[in-house]
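Quick heads-up: structures coming right below.
In what comes next, subunit A is part of two complexes: it sits with subunit B in the first one and with subunit C in the second one.
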Partner chain A sequence: MSTDTILSFEEAMEKYDPVLGFEVHVELNTRTKMFSSAPNVFGDEPNTNVNEVDLGMPGVLPVVNRTAVESSIKIGLALNCKIAESCRFARKNYFYPDTPKNFQTSQYDEPIAYDGYLDVELEDGTVFRVEIERAHMEEDAGKLTHMGGATGRIHGADFSLVDYNRAGVPLVEIVTKPIQGAGSRAPELAKAYVAAVREIVKNLGVSDARMERGNVRCDANVSLRPHGRERFGIRSETKNVNSLRAVEHAVRYEIQRHAAVLEAGEPVIQETRHWHEDTRTTTSGRAKSDADDYRYFPEPDLVPVVPSREWVEELRASLPEPPAERRKRLKADWGYSDLEFRDVVNAGVLDEIEETIAAGASASVARKWWMGEIVGRAKAADVDPGQLGVQPATIVELATMVEDGKINNKMASQVLDGVLAGEGTPAEIVEKRGLAVVSDDGPLLEAIDAALAAQPDVADKIRGGKVQAIGAIVGGVMKATRGQADAGRVRELILEKLGVTA
Partner chain B sequence: MAAINRDDVAHLARLAHIEMSDQELDRMAGELAVIVDAVKSVSQAAGDDVPATSHPIPLSNVFREDVVGHTFTAEQALSGAPDSDDNRFKVPAILDED
Partner chain C sequence: MTEQNTAAESLIRLSAAQLAEKLRAREVTAVEVTRAHLDRIAEVDGGERGVNAFLHVNAGEALAVAAEVDAIRAAGGPEADALHYLAGVPVAVKDLIVTIGQPTTAGSKILEGWHSPYDATVVERLRAAKMPILGKTNLDEFAMGSSTEHSAYGPTRNPWDLNRIPGGSGGGSAAAVAAFEAPLALGTDTGGSIRQPGAVTGTVGVKPTYGSVSRYGAIAMASSLDQIGPVSRTVLDSALLHQVIGGHDDRDSTSLPDPLEDLVAAAKTGNIEGLRIGIIKELHGEGYQAGVENRFNESLDLLREAGAHIVEVSCPNFQYALGAYYLIMPSEASSNLAKFDGVRYGLRVLPEEGPMTIERVMGATRAAGFGDEVKRRIILGTYALSAGYYDAYYGSAQKVRTLVQRDFDAAFTVADVLISPTAPTTAFRLGEKLDDPLAMYLNDVATIPANLAGVPGLSLPGGLADEDGLPVGIQLLAPAREDARLYRVGAVLEALLEAKWGGPLLAQAPSLVELVETAAAPALETQEAK
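The block that comes next holds the complex of A and B.
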């Protein structure tokens, strides 16, 4: 593996202006595939979610999945795209074992959605508009595992094993127009853009949007041009950058690498690059060549998709509130500070807090419980906070008990532990663990009588005006009530009992 | 005569991973040119008022409901494969492609 010379990011930015472009593939979570009725399920036994259509057997006919078309239109609408009056599928011809048909059914000259935009919010709140060129429907390819060879990488592989379960899974490919003007924030924008797309498709419910499973995959195009020049430089395309962090790092690395190439007076090669998470570098894939001649032609086995305007408007009306708008609304409703809200978002408990407030908690109580109690426990258990299974009603119940003075905050935290350990509802745990704050004077008076009787000399001292001696009696009462008495109230009652005014 | 020359055929053969001899390339270039010319004659029948189409029948929106249908078992799926391993199709490694 060759190591590239790179320039520092700062120096690269001083001399060059980056232009970005992204192709994001979104796997839809339909029950069946794009063109066949085989199940679209991740992680099953190899080659069991296939039928004759997915295996490209002779004479089979594909039929378009209506739900996949609906999902595609929803994605287009959420990206502020126009939806085609009529569009068709095309064959993208290539020979590689990931497709048994020797072509991928895709869209070429007539994508279902085009000319949109997405407003992407950067971490400091700056909004950057990314223009969307198109979003088109296609199918995923099978999964190849390269076997043998010295390194296990494809270059040393002896043979490959192919699983076609993923072949034919519905995909929507979202292509941006060239993104200009991001400057030194290009890597951050890259990450924010992919995060925003992921969030949108998840919010629409059209994809599971799990990057670690390849539900959302990103190819990142980077080119540099000297400041002030309009013409784009030659780009590289880094394939399959499949985590948000990796997108940011890959764009940053490619900017630094291009800058070094240009500084050396050499031309950037237009090529595919492979991202390596371990070294955070890219390596050369293959150069664009005549192997990229896909000879697209209209798919003769599928008829055009003509979404009626009624259908499109029906789908538009059914769209959920866009995530960015929702955040703005919730922040205003809850009255959190910028910092508080950002922490909540970063901790991934926005939904949970919203549900807890809906269940009856105040915004500040909901935040206190999720951020103060649950996020830390989730981190210790190495799971997402939502996965701990804390019910909104549980938090409301705990908060109410604290407000009513039945338990204090420390006890409430113990009760939560009990709930997580499956010991029952908060009320049951308070009962079982005997955790209630004793504020009823009856049991307190009994304990006070007992404490005074046990230490008659101390009682006499207090009667005699040595009020500071009261600590010993209070201590006795607290011990007898296992720390559950309100110490201030105990003191009052003792003084009352002994007829002393403090 | 249609513009299918020897280089075009060599290019297609490369894309399709088909090895062709010089004689085959020469012969195929001639044959394909004749075939393309024959197909081209259709355009003589269609006037300017006939738009290009990829479908002879005016049909659109042929959809399938998103309901799971039949699948093959791995054994059935692999029954026609020249080679397999671990319930997967076994293919020669193809280098320099991603």
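The block that comes next holds the complex of A and C.
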């Protein structure tokens, strides 16, 4: 699909300094829409959550959703922004059938929140401060589905279907200032920034924050400049990069593409780019220039939003614990080492481990399962760990089975595969697959005798008090029973047999 | 004339207040009242030389509502006692205001046949008061015009002279009331669309304080200027209707939170002793027809005799008001009318040739569905809002708007109410200014400042111009939220003038039935024909 040449990332970094910028759209989970009383619900039958306002019927007027304003202020405060004493909406005029009024009601020069920052923690613990330019309120457009044609885009389609359920859903758009100085960590920072924003809005409870549903959508701006130059290069804007991994990949790809263009002595074109998850490349959208004239003007059907200082302070006082502080607390509660905890954070399974512990697992068991079993599987499936669909209760059930000696760890791992394959609950799978630890001591004792006889020197060591040498005997027994034995019980029996107390 | 005809003829000549009293006294039924007006509409509105005030007549529903009122009143008891004062008094609604059960066209081809799925707030309030809705009245397309000639459904004629315009954009509502087809009507006023038709048809029209009547369901032309208001033959009647439709509405963010002072009581005050009335220096004299000036001065004399202090005020920035208005109004209109694209409702026109893309369907629909004046204003507004021009046009116009507001503020420190002629001339001839948009726009020079400042204005008949025998309007203006002052002064002036004339001005209007049947009216030229 793409014919763009790219430079290797290392070479690009050698010659150029990347500058990033992000526009993250957050869909708020208010009960009703931004300007109408229609329900704000995802996934219903098309065009059912609409009323005359959402459809842009003649004569209708918008009314601002107070809860959406409240959520926007919370987001602004969580991003360390100033909250406007008074701010207006504007109309952004353009003709497109997903926009029922043929203008979008959005804040333009008077955002509700501005001048903030977010401290973003990278994988190695480095903290990078991203300056926030503004967070403003607007309404989402309807959803177009282009039928026929090969690309799923409007060009070449036979016809298009439009669902206005999403039209008027409240959005907060968070815009960063240009992010400089990230260097070769730019792709990593991109991912970490979007993850941090997502974490914040989820933590505030103002958005469902599900990227796969489009609750959090990212437009990534990238430009390059030769090292040492002050002036920014021409930027591209890659639209709708809608997973954390994609954000990282898209920024990386655009850096490589820009570098190749600049190396060839060509000018970078200021344009929007489309992200393709399958090829992990971008393609040219439309050229963006001053020709885009949205004819913004203050929305005359709305009065200014004037959040009282008392209200803002009330909201500030009611904000939940910020994610960074929460991490500090969890690390202490769970007793993980620095390295263990960072691995958990980087693997993106903090929430999952917290939920698993809440469901009854110990901190170490929860970590062992997520980090030891699930993260690897997610990587293989190329999805985020949380998206694999492993329920905390499943892990608790598996861990309990292991603890009770019903199955061993190796089996538990097989059962997890079964759960992920949709074969049923852990108990059902154990039953179906005939997995059970050999707990009849008869065959075990036989195997133990054989193992002790095979390694008499080890047996002597154990008798002599070197209990840690027992692993070799246990290993022999496990081998002989093809892993069906309960290792814990085997250990007990060996010690018993040798007359040693552990 | 049969006895029954005479009875009906006398019913339609009663004011809304008189009808309400007769209904309460059970001297007449609401069905009789409603039927008398429907008969009048049938008699004078249709046909080649009819008034053409109505685009849709809502006979069935109106009679059903009237019958319901009669039944409640006949049954007596608490439900009868709870009936609104105006229950059973019919009303006409400008076709810019959406109604369930009747088409709403906005005078445009682009909405031909469209039925609203919801009622405007003011219509809900008419229904709550059980006022039979006679039908939807004609207007300049999307309320853009001062003569009703820009209606896609043919112009309305002035009942005083069928060859003349009834004003605009609300010519239909004003003509319906002047022609005794309805005792009351609703209009909308963005730059004078209630007051100027009132002036040229010898009726009363009020543009309330911006935000005092909900705009929910009025198809927007310029959101920051539009306001729904009453049209009637007497000042008291307008106060009565204003009170029905006014008050806060959660669905209109610009709606004022608190109710206005009692307007009906204000209309019944009957005394203006010591009140300071300011003549606006810039809104009379040069450019105003002699007959208009004469009637204006006569009203000033009457007010002075009634004990008012007449003072002169200067509003120097009013000279820029028309220019600012013709930037702000089209700017907002260009955006408000963007929704008419053939995608979701209304007319859809497919391009005759070439690819069938959404942009081309929208283009073909708008090209075929909008008339020339609408296109002119959309183009003007799109230009004024464009990057690089915004500050010079829209931005400057907003500054002028602030200056106009300051002029009003200053004037209202020395005067309680301001006064001017409503329009510079009496009704002009159909077609006379159709090809000269600027001349047409100048009709609104005296009415526009009130819209820019959001203050209320009332026009009432001030007599007939000597040179052409056509009605002249007197405009009263008050500070925002002080609509009551307009009714107080208006009712006093009305009483003084009627005492002078020996009855209502409209009693001097020619017999419409004869005119409609015999006048050699020219064939009407519609926009489509041009």
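Assume the second predicted complex is superposed on the first by the 330 of 502 C-alpha atoms of A that agree within 3 Å, B and C clash if a C-alpha of one lies under 4 Å from a C-alpha of the other, contacts with A are read in each partner's own complex, and residues count from 1 in each chain.
Note that contacts are C-beta pairs under 8 Å (C-beta built on N, C-alpha and C of every residue); 3 or more make two chains touch, one makes a residue touch a chain.
Nothing here was measured: the structure is a model prediction, and the numbers come from that model.
Chemist: Look at the residues of subunit A and decide whether subunit B or subunit C touches more of them.
Modeler: Touching more residues of subunit A than the other partner does is B.
Chemist: Once the structures are superposed on A, label A:59 by its partner contacts, choosing first (subunit B), second (subunit C), both or neither.
Modeler: second
Chemist: Touch test for A:300: subunit B only (first), subunit C only (second), both, or neither?
Modeler: It touches subunit B and subunit C both.
Chemist: In the overlay, answer first, second, both or neither for which of subunit B and subunit C A:160 touches.
Modeler: Both partners, subunit B and subunit C.
Chemist: Between subunit B (first) and subunit C (second), which, if any, makes contact with A:95: first, second, both or neither?
Modeler: Both subunit B and subunit C are touched by A:95.
Chemist: Can you pull the subunit A residues that subunit B and subunit C both touch?
Modeler: Common to the two interfaces on subunit A: residues 52, 55, 63-64, 93, 95, 97, 160, 162, 290, 293, 295, 297, 300, 302-303.
Chemist: Per the contact definition, I'd like the list of subunit B residues that touch subunit A in the complex.
Modeler: 11, 14-17, 54-55, 57, 59-74, 77-78, 85-98
Chemist: Which residues, counting only subunit A, touch subunit C once they are in their complex?
Modeler: 52, 55-64, 91, 93, 95, 97, 100-103, 160, 162, 290, 293, 295-297, 300-303
Chemist: Tell me, which parts of subunit A touch subunit B in their complex?
Modeler: 30-32, 36-39, 45-52, 55, 63-69, 86, 88, 93-97, 144-146, 148-149, 154-155, 157-164, 239, 272, 274, 285-286, 290-291, 293, 295, 297-300, 302-306
Chemist: In the complex formed with subunit A, which residues of subunit C make contact?
Modeler: Interface residues on subunit C, with respect to subunit A: 97-98, 104, 106, 111, 114, 116-118, 120, 215-220, 222-224, 250-254, 331-332, 334-335, 338-341, 343-345, 358-359, 362, 382, 385-387, 390, 394.
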